[in-house]
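Listed after this line are the structures, all set down as structure tokens.
Next, two complexes with chain A in common: one pairs it with chain B, the other with chain C.
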Partner chain A sequence: MQPLTEEERTHAFAPTRKAEVIARQRLPVRYHVEDFDGHHRPRRFLEAFAAVLKHTNYRLALDQYVRVSAKCSRCSVKCQVYLATGDNRDIPCYRSELLLKIYRRHFTVSGVLRGRLLGDPGLTDERVQEMADAFYNCTACRRCHFECPMGIDHALITHLGRYILSEIGIAPRALAVSVREQLTGATGNTSAVPVPALRDSLEFLSDDMQEERGVDIPFPLDEEGADYIFFPAVSDFLMEADTLMGNAAVFRATGDRWTIGTGYFDGINYGLFYSDHILEMVLHKMRAEVERLKAKTILIGECGHASRSAKFFYPTYCGGKQALPVVNCMEYAHKAWKQGRLKLKPNTIAEAVTYHDPCNLARTGWVVEQPRELLKAICSNYVEMTPNRRDNICCGGGGGTVSIDEIKPYRMLVGGRAKAEQIRATGAKYCVAPCANCKKQLRELMEEHGVDCQIVGLHDLLYKAIDFGPAAGGNGQ
Partner chain B sequence: MPTFEVNDHKYEVDEDGFLQEPGIWNETVASDFATTEGVTDLTEAHWKVIHYLRNYYLQFGIAPMIRKVCKETGFKLNEIYQLFPSGPAKGACKLAGLPKPTGCV
Partner chain C sequence: MSAWIEFGRGPLFRLAFCLMVLGLLRIVLLTVVGIVEAYRRNSDRIVPWKAVARQTLGWLVPAGRLWRARPVYSTTSLVFHVGLLAVPFFLAAHVLLWRGATGFAWPGMPQPLADWLTLLTIAAALGLFCGRAFHRGARALSRLQDYVWPALLAAVFAAGYICSHAGLGAKAYQQFMLVHIYLADLILVMIPFTKIAHCVLAPLSQAVTAVAWKFVPGAGDRVAATLGYANSPVWVAQARSGAAPPAPAPKAAAKELVAK
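So, the complex of A and B:
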């Protein structure tokens, strides 16, 4: 990867906020922050940290990490941010050390004693400011996790650091505003889509599908007792019409009962990016809707963080082992295809197609081969990008950063730098990126770096390839 | 509250330059905001998109699906990007006086 030129560096790190706002908030970060009480910040940070430790089991991980962290920087070879900037502060274990040092100094016996003995004043306001900047330069992609010989999950530290910061009022405004609308707003979802607009959009899509495929493909709303209740990233209802059409078409082909609840239809959960408290509250909203409609399985749309937050945390906050199962829509489509309930026409897509693994789906090995098998079934020229699968490079907009518009130059030049070249090297006409975050970031990247590649969802292509059979009355096109 | 001043008009805007009070929109607002989004001349094509967005917003309280914008106005997505270089969600919505889209948009 080409290192940043001086001009690019200046552009990527240019201040995005007025000097007077930075001075008022004493916070030299590039993302907008709503005004907050900035008094006694170090003390309040430590109080929040103590409260988090008291009510969670982060201490287990932190105790382990402060013992084993070798600060060896092996993780640096995996970090696309560090590889782009070459700045030591972007090495994952350097960033994690910002928080681990505070834990060691203030929350371990030896650290407290040593601090008193040596007269170490402890956490300073400068360190809080440094963390507020550093933890949002990381995309929380967890790729460095593989390289750490000690098994430290630096993205967990990033998450915890952001969580504590958010407890004292420091969180990107773009995320905070969306979450507020989702939890307390009139529409109850992050993109503020009212139910009449939802109905209008879905009717429009059904009409379009009738026109294009000659098949009646409904979006069932509020059906009680359905097998699947569908939660896509709510932004799909504005941006990703083709993906939604694919989702509906798959169900039309399999005949399973599914529904979208008008009480709550947003899979997005920014809590995964910066606050466990929000993570829990958003999942409770999901649970209420699932219970209202007595659905049997939670189905998440094409979105990495929405899928991971539900799959791995729905049981945590909503019923443990008794919690309803959570599946991603690609898992569902793959299983139906394997069972022969979803018929796909081979060689539907002739152009070169590649696949981008969203970090939140692939890093754990959860959804990796399923979309590839589906793509190989419908594309005549499928190519892999390198590296891929669990080791794939993040789009550069992970960890919520893609929703922060003001840091776009950073996402384009630093975060997504490696990704742009990786996609260019495949020469593919289509890049399948089954995640609302990745789609947005990658489209902007392709434009910015002049790569001639169209970013689509997996279901966008499945929609074209589904064979509804003669019984459906379709024209089979 | 930041303000945006142009052609002797003064508007209250958010930090991204979107009109703070969508209700006060009129065509002059669109003309005044055009330069900030890289639109130099508002043609009939621009107005077609702006009016469609505005009317949809007044009816439903949100911008329409992008696919619907394309279908109803007859422009392809790349043509909309040519009209509004900063895109439909940012540029076109700002000129039509809609609030800034939130979430993963």
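So, the complex of A and C:
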């Protein structure tokens, strides 16, 4: 990969905030932060750290990582951020060490003793500032985790670092404002979509599909007892009409009962990025809606972090092993297709198509082959990008960074640099990126880097390829 | 000098060996208990044990994974580890010592194999040292112990090799043997307290990470309450302004503050 030129570096890391704000907050980061009490930050950071250690499972991982870390630097080769900047501070192991060092110094007996003997002052305000910067340079994609012979998960450390920082008031304003609307606002979702607007746009989409496909494809709202209750990233209702049409069309073809709850219809959960507390509260909102409508399965739309936060944390916070199953919409479509309930017309897409694995879906091996099989069924020219599947490179907007508009130059030139080159090398006309965050980031990337590739969702293409059959009264075209 | 040698490979070795075993046992037990506790604190008890086992085994026999990142360094490291485990345990002279002390033993490896492995291990240790010193990323990460370990291990292997090969005079032989034995004892004692603890902890890492991602229900509320912000969670505007009540300092942090 081409390293950054000096000009690009200057642009990517240019301050985005007014000098007086940086001075007032004493926080030279590039993302906007709501004003907070900046006094005694090291002390308050340690208090928050201690409180988190007391009530959570993080101490186990910190102890382990402190003991085994071998500093082999294999992770550096896998980090798209480090490969772009070449800055040692962007090596995953270096970043994690920022927090591990504090843990060792303040929360282990040997560290405290050594600190006293050597007169080490411990955590300083500069270190807090450094962490506030470093933990939001990481996209928490977990690619480095799979190259660490010691099994260190740097994304877990990033998550923890951000959680502690958020407890002392340091979190990107873009994320904080969205979460506030989601948890306390009138609309109750991150994009502030009011219910009447939701109804209107869904009706409009149904009309559109009727016109295009000659089939009545409804978006059932508030239906009690449905088999599936659907939570896409709420931004899909504003920006991803084609994906939603595909979702509805798949259900029209399979005949399963599904619904969207007007009480809560947002799959987004920024808690996964920066706060366990938010993660839990958002999932409780989801649970309330699921229980209100007595749905049987939770279906998450094309969104990586929404899928992961529901799949892996809904059982944690909402009923344990008895919690309702969580399914990603691509899993659902794939299963229906395998069962013969979803008919797809082969060779519907003649142009070259490639697939981008969203980190939150692919890294654990959860949704990897299903979308590929579906794509191969409808595309005559499917090409893989390299590397792919579990080893895929992050789009550069992971970990919530894509929602922070003011750091776009960083995302374009640093975070997404490897991805842009990877997609360009495929020569594909369409890149399927089944994740609301990846889609936004990749579209901006393609424009920025002048790559002629259209970013679409998997369901955008499925919609074109579904064969409703003569019984549906459609024209099948 | 022969008394010093006898002391080094007799009582001192036994002490060092016991300290190593106890030290390693302690951290393994702490980690295993930690895993069980973390598992119990989580409500769903859903842990991807199969994936954990696959990853753990994959790293215990990492042959297929080496080329993916820093292939030369990684392969060197594998060779180094093989030598490091095989030679001390299976060198015929070591096996004999063990039999003499305990009355039981296992078959040793042929001397030519031991010789080649020793030389390979020394070369690999030097390779790892250079791979660290001359790789920009690795150099930025490295601590003192990261340089000391390969050097120390190369030294102990080299001293042992010289003792069993060079036509040394009795005095020189004893000097090298002394270095070999005392360095080995030092290494044994240091193992549990340095990164070499990974010899027993690394196979637990995947399980630790898996249960660490199992968050604890209600922890968010309790953290906020502990900090004195029970009624103003992070998503409320201005939650953590100067007007907030002073937080009660938790134990560890409080100790720190007192220390200052």
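Observations
Simple rule for what comes next: the second predicted complex is superposed on the first by the 477 of 477 C-alpha atoms of A that agree within 3 Å, B and C clash if a C-alpha of one lies under 4 Å from a C-alpha of the other, contacts with A are read in each partner's own complex, and residues count from 1 in each chain.
To be clear about the criterion, a residue touches a chain if its C-beta (ideal position, glycine included) is under 8 Å from a C-beta of that chain, and two chains touch if they have at least 3 such contacts.
What you are looking at is a predicted structure, and each value in this text was computed from that prediction instead of being measured.
Because the two structures share chain A, they can be overlaid on it, and in that overlay chain B and chain C fit beside each other without clashing. By the touch criterion defined above, A:V234 reaches chain B but does not reach chain C. Once the two complexes are laid over each other on the shared chain, residue contacts for A:P346 go to neither chain B nor chain C. After overlaying the two complexes on the shared chain, residue contacts for A:P15 are found with neither chain B nor chain C.
Judged by the touch definition given at the top, the superposed model places A:I91 against chain C, while chain B stays out of reach. The partner that reaches more residues of chain A, of the two candidates chain B and chain C, is C.
In the superposition on chain A, contact of A:A192 is made with chain B only, not with chain C. When the two structures are aligned on the shared chain, A:D405 is found in touch with chain B, with no touch to chain C. The superposed three-chain arrangement places the nearest Cα atoms of chain B and chain C 14 Å from each other. Shared contact residues of chain A, touching chain B in one structure and chain C in the other, are absent. The part of chain A that touches chain B in the complex is made up of residues 17, 32, 173-174, 177-178, 181, 187, 189-194, 196-197, 200-201, 204-205, 208, 233-235, 237-239, 241-242, 268, 303, 402-403, 405-406, 436-437, 440. The touching residues of chain B, when paired with chain A in their complex, are 15-16, 60-68, 71, 89-90, 101-105. Those residues of chain C whose C-beta lies close enough to touch chain A in the complex are 27, 30-31, 34-35, 37-38, 41-46, 48, 51, 55-56, 59, 62, 65, 68-70, 73-74, 77, 132, 135-138, 140-143, 146, 195, 197-198, 201-202, 204-206, 208-209, 211-224, 226-227, 233-242, 244, 247, 249-253, 255-257, 259-260. Contact residues of chain A toward chain C in the complex are 34-37, 39, 43-44, 46-61, 63-64, 67-78, 82, 86, 88, 91, 93-94, 97, 106-107, 112, 115-116, 122, 145-147, 149-153, 156, 166-169, 171, 176, 179-180, 183-184, 275-281, 312-313, 315-317, 320-321, 323, 364-365, 391.
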